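Structure incoming, see below.
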Amino acid sequence: MTETLFIGLSLSSILLLIALGLSITYGAMGVINMAHGELVMIGAYTAVLSGIYLNLNFFLALPLAFAVSALVGMALERLVIRRLYGRIIDTLLATWGVAIVLQQLIRLEFGLSFFGIHVEGLGPGLQSMDVPSFLTQPFEIGGVPIQPYRSFIIVVTLLLTLLTWFLMYRTSMGTQVRAIMRNPQIAAACGIDVRRVSAFTFAYGSGLAGVAGVLLAGFKTVMPDMGASTVVDGFLVVVVGGVGSLLGTVLASGLLGQINGVFAILFNDILARAVVFGVVIAIILWRPRGLFSFRSR
Amino acid sequence: MTRNTLFRLGDWGIYALFIVIVLGLPLMMDDVFWLNRIAKYLVYGMLGIAIALSWGYAGILNLGQGLFFGLGAYMVAMSLKLQSYTSMQQGSDRPVPDFMLWNAEPGAPTELCCIVKGSWLWLPFQAQWFGMVMAIAVPVIVALILSSAIFRLRVSGVYVAIITLALVLLVRLLIIDAQPVTNGFNGLTDLGWLTVAGIEFDPYMVSTYYIVAVSTCAVLLLTRWLVSTRAGLILQSTRDDPNRARYLGYDVAAYQVFFFTVSAGIAGFAGMLYVIAAEFASPSFLDITFSISMVVWAAVGGRSSLIGAAIGAILINTIEATASETEMFQEAWKLIIGVIFVLVVLYMPRGLAGLAQDLAGRIADARVGGKQRARTGAPAE
Amino acid sequence: MVAALTIDALEVDFGGFKAVDGLTTVIDEGELRVVLGPNGAGKTTLMDLISGKTGSTGGEVRLFGRDITNRPEHQIARAGVGRKFQIPSVFRDLTVHDNLRVAVSQVPGVFRNLRLGMAAADRARIEEVIALTGLEPVLDTVAGDLSHGQMQWLELGMLITQQARVILLDEPTAGMTQAETLKTADIILSLKGSHTLLVVEHDMAFVRKIAERVTVMHMGKLLAEGPMAKIEADPAVREAYLGTGGLH
């Protein structure tokens, strides 16, 4: 029982980790960023490359990946998304193109492979990242086996969620972001620099994706299309939770993660995911605005 | 001659040209491998038309069109699998798919009815017509049920996209999980040929190309007729302002359901033709990548132009096939298509069709000397 | 004679707040009724209830004796109710002509509309409406490009084309220039008699120009009803409008 719960919890925390950034970029800014998965992937590659070239350890890779993904996200906002605010479907399509471009840039080693140059750590192949050994040795507390790496992910996710909550609800920047969420025109009329705040918000959401990438790299192989499959899950979590609701995102990832965990034990992984999709469809049909959305008339 | 008449002439001219080229291609090209490839891209063109119909004219972005394509493909592939050479090698006088034999418990009867759990579902597919009918019927029925739920509950916009996306992923997983009856990840391969009235349609024969080509042209004209009818006009009005349409007395959901279902039926039909030309069906038809690719083709060609979307799909795939001759270039092409796509969305939201319209508009203006400069209604083709 | 529109003890409860509270009024065929009331009196909600946008929690709406309470919007429209919104609601991506074509809705079903072209009678009706609204010069213009006034007239024209027997107009002159307001008044007056109209309006000069009978609402309830002159003299009405200095 506790083990099932723990599996569900760790699935939930990974979902939440990916959805957290999306709940900000989609929830706050109405941007369906299909390249979010690629920002996750860039975070993972940052960890791999910083290990190879800078000899940085895993923990130092976390802030570095945040910074790198945030910068990429900021560039993405400035070059593409800024022109598409209010055209939500177009943001989806354009960022889909961006996602392909980012994947190909890594796969083609920024184009260097055309010249026969190979950059170690890049390219189409699989990469892996070293995790400090104390995070990989399972230990027991009172007879219950604990997976240290999974626990670590849960703790980091928890901290990031709290940080995000604090930024959104306890700082003036957060108030501005929430004002933009509700009504960008009025927010602008109130003297909020919508462009600047949007750029920072997008960068922050992207940075969270980068951190997620490092954590994923600890138990998944790193490859150019590793992020593509995560983005859909992230979206489903955000939509089910209710766009713009941080609490909703947290609870939805908990719900979907647990459903996934329970059905994976009852049947198998494939059917468990199918059940999750079924639940998502039912919830959206039942409450299109998600489980926890603010009401607007 | 007025500007509008010029426009209409140009429009029909493009349709005529398209049909002439598609039907006349075998006269100009005798490479059967390329002809077979083009047949597949025409099928993609049909998918582009289906997307333009639901997205451009109805304002419904279906990110799960691969579901209907995949269902159509699997239905006909089941029939063709039972007609294949490999299915007859089982020592039984009636066909049994080879993969079922590999999956069967030792000692299970080598009969289609009961060789593996659920294999009886295959029984009616022994008749080829059954598979072909189901290739249209199943997507249409699924679309009817799905869209009735979606539009009666007034789900709209991006939520429709998310539901369709989740559903295609769900069905994909079910197909993979039902490995004993669907061959899971590997899909259905080693298929037989389509046989009509004793004639076998080898995918690399010109006659097979013509089946696809004529179907594509027929679908193009049919959808063009559909959107030109009053129902098509009313559909566009529901896209612009569903409430206004309701207060004029139209049951908006009925229109959305009808056109969503037609679009799904076309996708199912396309799936069927694809299997006839490509000789396989696979769960990759239900990958998100494929469904989004269809939207990409339509967007590049022109999301609210039926023929534009078709040309977009054919063009992108033909260029991609040419580029794929060398592996290095194939990867570079993906990069290029990503960049093109971003640029199209940013700077050319009406796609190639929009470009052509603007160009035609300029020529027409020069012709009629700047008279009648009134904008024509969108989406003109 | 059966009344065109009968509103009988109509009520809607938004979680304890009754936006319309036991309203009863009868509107005769061919009548032009103006609904007045301070902000929040429930005027727009009343229109929402009649047209089916909002479901009522009590009471009845009858159209020529037929119960249309809480029917889906399109069925109410089909029964003969047309509605114009405060913010003009037209099909912005279609041309003016196509807007009017959509509005000719003799047969609403999908399959019966799977045909090209239009019946001669429908075409004639569209011509009439074009003449009435003066939209001739902009027929091929995309509706989204029209001026505010033209857009309002187009919407009005669509209601006439639709052959709505009862037309609900929500502030038809909001945001209009003086000249546009006068033209709108002319269009509305020309409909009187052949159509039954229910108009919500704030512009008192406009109301005096068009009004016969007036219904005054206050906090969801009927405050007064009668000819314009009587209403303006009514002390209860003056009381309700006190904060805003009476009717002006």
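Observations, loosely collected:
Going by the order they are written in, the chains are A, B and C; count residues from 1 in each one.
The working rule: contacts are C-beta pairs under 8 Å (C-beta built on N, C-alpha and C of every residue); 3 or more make two chains touch, one makes a residue touch a chain.
Keep in mind it's a predicted model, so treat the numbers as computed, not measured.
Viewed as a contact network, the protein chains form an open path, each link joining two chains that touch.
Taking each chain's centre as the mean of its C-alpha atoms, the one that lies farthest from the centre of subunit A is C.
In this assembly, the C-alpha centroid of subunit A lies 32 Å from the C-alpha centroid of subunit B. Separating the centre of subunit B from that of subunit C, both taken as means of CA atoms, is a distance of 44 Å. If you average the CA atoms of subunit A and of subunit C, the two centres end up 49 Å from each other.
Subunit B contributes residues 61, 149-150, 153, 155-159, 161-163, 165-167, 169-170, 173-174, 176-177, 288-289, 292, 295-296, 299, 328, 331-332, 334-335, 337-342, 345-346, 349 to its touches with subunit A in the complex.
Interface residues of subunit C facing subunit B in the complex, by the touch rule stated above, are 51, 53, 72-74, 77-78, 82-83, 89-95, 97-99, 101-103, 105, 108-111, 113-116, 118, 138, 140-142, 145, 158, 162. Within the complex formed with subunit C, the subunit B residues making contact are 4, 225-226, 228-231, 233-234, 236-237, 239-241, 243-252, 254-255, 258, 372, 374-379.
Looking at the complex, you find that subunit A touches subunit B at residues 32, 80, 83-84, 88-90, 92-94, 96-101, 103-105, 107-108, 113-114, 228, 232, 235-236, 239, 268, 270-271, 273-274, 277-278, 280-281, 284-285, 288.
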